[in-house]
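Next come two complexes, and both contain chain A; in the first it sits with chain B, in the second with chain C.
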Partner chain A sequence: MTSFVVKRLLLMIPTLISVAVLVFFLMRIVPGDIVALRFQGESSFASKESLAIERQRLGLDQPIWKQFLVWGGGLLRGDFGTSMWTGAPITEELRLRFALSLQVAVMSTIIAVLIAIPLGVLAALRQDTWVDYAVRIASIAGLATPSFWLGILFILFLLVVFHWLPPMVYTPFWVSPVQNLAQLIWPALAVGYRYSAVATRMTRSAMLEVLREDYIRTARAKGLWQQLILSRHALKNAMLPVLTIIALEFAFLLGGLVVTEQVFNLNGLGQLFVDAVAHRDYTLIQALVMLVAFVFIMVNFFVDLAYALIDPRIRYR
Partner chain B sequence: MLLEVEHLSTEFATRGGVVRAVDDVSWDVKEGETVALVGESGCGKSVTALSIMRLVAAPAGRITAGRVLFKGRDLLALSEEEMRRVRGREIAMIFQEPMTSLNPVLTIGRQMTEGAEIHLGLAPPASRDRAIELLAMVGIPDPGRRLRQYPHQFSGGMRQRMMIAMALACRPALILADEPTTALDVTIQAQILELMKDLSRRFGVAMVVITHNLGVVARYADRVNVMYAGKVVERGTARKLYRNPRHPYTLGLLRSVPRLDEPRRERLAPIEGQPPDLTRLPAGCAFTPRCAWRVTRCPVDRPALAPVGDGEHLSACWEAVHVGREREAVR
Partner chain C sequence: MALDRPLEDVVALADLTPERSVKDGVVDFVRHRPLGAIGAAVVLLNILAGVFAGVLAPYDPVATDYAAMLSRPSLAHWLGTDAFGRDVLSRILYGARTAMLVGFAVALVGATVGAVIGVTSAYFGGRIDLAIQRVMDIFLSFPLIILALAMVSILGTGLVNVIVAIMIPLIPRASLVTRSSALAIREMPYVDAARAAGYRHRRIILRHMLPNVMAPYLIMLTAFLGQAILLEASLSFLGLGVAEPTPAWGLMLRGAAVQFAETAPWMAVFPGLAISLAVFAFNLFGDSLRDALDPRLRTQ
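Let's look at the complex of A and B:
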């Protein structure tokens, strides 16, 4: 097991290097660099010379491999550099936004799991009854509802019924948990509901499959309580596919909540991503992609570990 | 009588129609006795066992008629909770596939101890000691260490031993063993059967062995019920049935098995034809199309199980008195 962990951790290095190479060179293939975008607007009179000077200032006049080495060297020191667009240090910028996005992602995941697993199990147990259909309708509705729209409904509802608006300014959790949760619970609910839909369907089908297994019949033949059969014998086996879905979705939530962030006035990673791409802010895009890639890789790593913990047949070498 | 199955019928709703897997079947088990249910795949022997345990998969499967008297109590009339207390505690079951019948993500210990913890209220250390004792009894070396392992770390034979130990955990009065050796190597099969016979004697547990293997029957069963198309077609002591089968199907089964105690015949005689489609059984005897002894009334008139010779030997065949080894030549 230890050797598996070490091996997997070491394997992350080539993966991250590949991501770094890909994002670095792909961004530079995209037409229109940051200098052109900034100085050659509709009514721009910027001369070729001033563009060259700006490129020189940003280091874009250097050969591309040299740029890559400079950036890569910074990465190794944990330094993402400064934003080409704003000039602000990226690490600083990312820290707050990452904390916020991470919190929303974690809260959404918790909400999704709390919805999905009980409902999925219930639907499986009451297969083809009204309970199953109700759960199905709820989850299909969840899939069909964009979470930003649900978020808008939440805000309207709170405003109309309670004459109250969630705080629109971010307060870190450690400063005021109440204030923080009062703001973030709404996007987390909106996202979590949507996110629970897939997980509910997955839980239901995994559970149905497991309940048909011979070992469930063995457990029943032993005279165990239904509840014990479910919690001890069925759920653990059914959780493997559900875990994968939840983990992948979690990683997506970190950078993928562009519109929902706007609805709730959150300065998360999603909006930053869009802006960075729009501005061809190379350094910022690279930093964001590296961050999200890292989270993805870590999440996958933990899923693999969890698999091994849940299913003893899986032993990694 | 320990167990009396009376007029039991179990049906399955399938796409092709209603299948009567068990059709008005009656048989019984005495205390400490080993009774065999014999027949080919799909004859209803496993469904009979599952019906006794009331584990027929709902909603497709349904027990439609009959009584299952266990120590005088009708199991079919019990509430689900009362039935739960019978399962594992008074009637235990051993399944065919020791690979899929054990939970892959729980330790052997967990799966062995939970029955005793629930039914006998044993504390975990006590049920653990008991599990160790049982594993040792079924011949698994180093049981203390084995308890911490998972099913995939056991061989097929060991898994089946463990299933037997698990079935014994609450000292039940009856064990239903559904094809307990089918998935195992021939050498292991014999070991497992010896073990089961030995343990059933030692604890005075009655056993119902479900099998298609007549060799098993001859050696280990006191009495035999031969099933065909959901019905018992012949019943008797193992000795009688083996020496003097009185139903063409039983005879066919016996002749399709190689024997070491008789001169070698040139070739085995398989039973010709296919088992009948259970959704549309004929009005008469279901074995008619495959039967060499059939007479004109067979396809239309179903024979009941009736005594042949002494009262303990029964056969459901119009020609029961003629069926026998001596007629082989005629055929």
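Let's look at the complex of A and C:
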């Protein structure tokens, strides 16, 4: 097991390096250069001198491999550089916003699991009945509904029915849990529903597959209670693919939040990303894309570990 | 290799892909997959709305009418008007044009480029395959919208740029799927035969292998349609997609729709309904098509 962990950790290094290379050069395939482009984006006149000064300030006058090494070296120390727009250190900015996005992400995950697993199991047990069709249609609808629109509908509903709007200012959970949840539960629900759609479909198909197995028939033949068969025999074996999809979706949740945060005026990573794109703040975009990829790779790693721990059939050397 | 195969085997292979008319296929599809057929019908309605928006729309989608600002749904304005007095129904119909344009452009080009990359990768195998797959893997470790937004930051906003920005993150996904089916096709006797006949790599890839990954290609294509429409709506909603005054569903939900949510809820409800319905229809159709074309993929 230890050697497996070490091996997996070592394997992450080339992946992270290639992601860093891709992100870095992606930002440099811009025709022309990013400084000129940024000034152009502001539609203000910029002289050659001010462009040169800016370029020097950002270290863009250096050869490209050197720029990469400086940036990469910073990453290793957890330093993402400074924003091209505000000049503030990016790491500081990320730290401020990470908590909020993480909390919404975790809450959405919990909501998604609470919806997906019971519904998926139910649909599988009642395959090809109206229950199954209803669950399937609800989950295809979940995939089709943009979470930002769902968010707008929530706001609309709260306004029309309760004449109440969720608080607009973020309160940390430990200061006032009620205030905090009153604000964040709505985006979590909007994102969580969509997220549950994927997991419901996965739970359903995994359960269907497991229910056809011989050991389930044996358990039934033994006369075991249906509940025991379900919880101990079926669900346990169906959970592996479900766990994977939930974990991978969690990593991608940071992406899903990009749009929804905008609706609820949340000052999270998503909002930061949108602002960065709108301002063509390339250093900030670079940092955020890198952060998302890093989270994804880490989640993948933990999923692999969880596999090895949960499923005794899987043995890693 | 083809010659040492018993004749029955070759015949059986030919049987797997019997010649069937398109009409038979359509009739079969409607009969066995009613949900998919409903999806296809809604898709068709969307396409018609997009194509004939000019004829169907009762008003000019960009014409402002300050006398009719924020008017509620009525006989004159079936779905009401927005904060500039623009007719919501007309804007939704023209929005269908934008959505279909983005959807089909992204899906067709994205799936095709992805398929060519996937098949090429599978055909050559070895180091070339490994290198291509590594690059694709890296792309796959980003959420679609993050990559699309990063592309927008490079390309800028506007219809064509948005199409490219959405297409690029989808290409690796298409290549992944087509590659896995192309790997099996590479071992087929007819590919060996083509190679033995001395055809160039390009001809073998494009003429012999590509047409045989049609099933996964079509599945990808329909899946991309819904995703592309959703992504376009998201980008436009963020103000980073199609630019005003072009009518686009995502754009209609931006700003004023939330601001006037209480007094003019139709502004927020109908465009979102249009997005959901279109994507829902595409997904329904795509799901059924997938089941019909490739039963092995059903569990995914």
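Note that in this section the second predicted complex is superposed on the first by the 299 of 317 C-alpha atoms of A that agree within 3 Å, B and C clash if a C-alpha of one lies under 4 Å from a C-alpha of the other, contacts with A are read in each partner's own complex, and residues count from 1 in each chain.
We take it that a contact is a pair of C-beta atoms (placed from the backbone, for glycine too) under 8 Å apart; a residue touches a chain by one contact, two chains touch by 3 or more.
Not measured: the values here are computed from a predicted model.
With the C-alpha superposition on chain A as described, chain C and chain B fit side by side in the combined arrangement. With the two structures brought together on chain A, the opening angle seen from the C-alpha centre of chain A toward chain B and chain C is 80°, to the nearest 10.
Of the two partner chains placed around the shared chain by superposition, neither chain B nor chain C is touched by A:Pro63. Within the superposed three-chain model, A:Gly256 lies in touch with chain C and out of touch with chain B [touch as defined at top].
Of the two partner chains placed by the overlay, only chain B lies in contact with A:Leu224; chain C stays clear of it.
Comparing chain C and chain B on the residues of chain A they touch gives the larger count to C. Once the two complexes are laid over each other on the shared chain, residue contacts for A:Gly87 go to neither chain B nor chain C.
After overlaying the two complexes on the shared chain, residue contacts for A:Leu159 are found with chain C alone; chain B is out of touch.
Once the two complexes are laid over each other on the shared chain, residue contacts for A:Val277 go to chain C alone; chain B is not touched.
Judged by the touch definition given at the top, the superposed model places A:Gly78 against neither chain B nor chain C.
The minimum CA-CA separation between chain B and chain C in the overlaid arrangement is 14 Å, rounded to the whole angstrom. Overlap of the chain B and chain C interfaces on chain A comprises no residues.
Across the complex, chain A is touched by residues 53, 55, 84-89, 92-93, 95, 97, 100-106, 110, 114-115, 118-119, 150, 152, 166 of chain B. Every residue of chain A that touches chain B in the complex is listed here, in rising order: 213-215, 217-225, 228, 232-233, 236-237, 310-313. Across the complex, chain A is touched by residues 134-135, 137-139, 141-147, 149-150, 152-154, 156, 226, 230, 233-234, 237-240, 250, 253, 257-258, 261-262, 265, 268-269, 272, 275-277, 279-280, 283-284, 287, 298-300 of chain C. Those residues of chain A lying in contact with chain C across their complex are 15, 18-19, 22, 26-27, 29-30, 41, 140-141, 143-146, 148-149, 152-153, 155-156, 159-160, 205, 209, 251-252, 254-256, 258-259, 262-263, 273-274, 276-278, 280, 282, 285, 288-289, 292-293, 296-297, 300.
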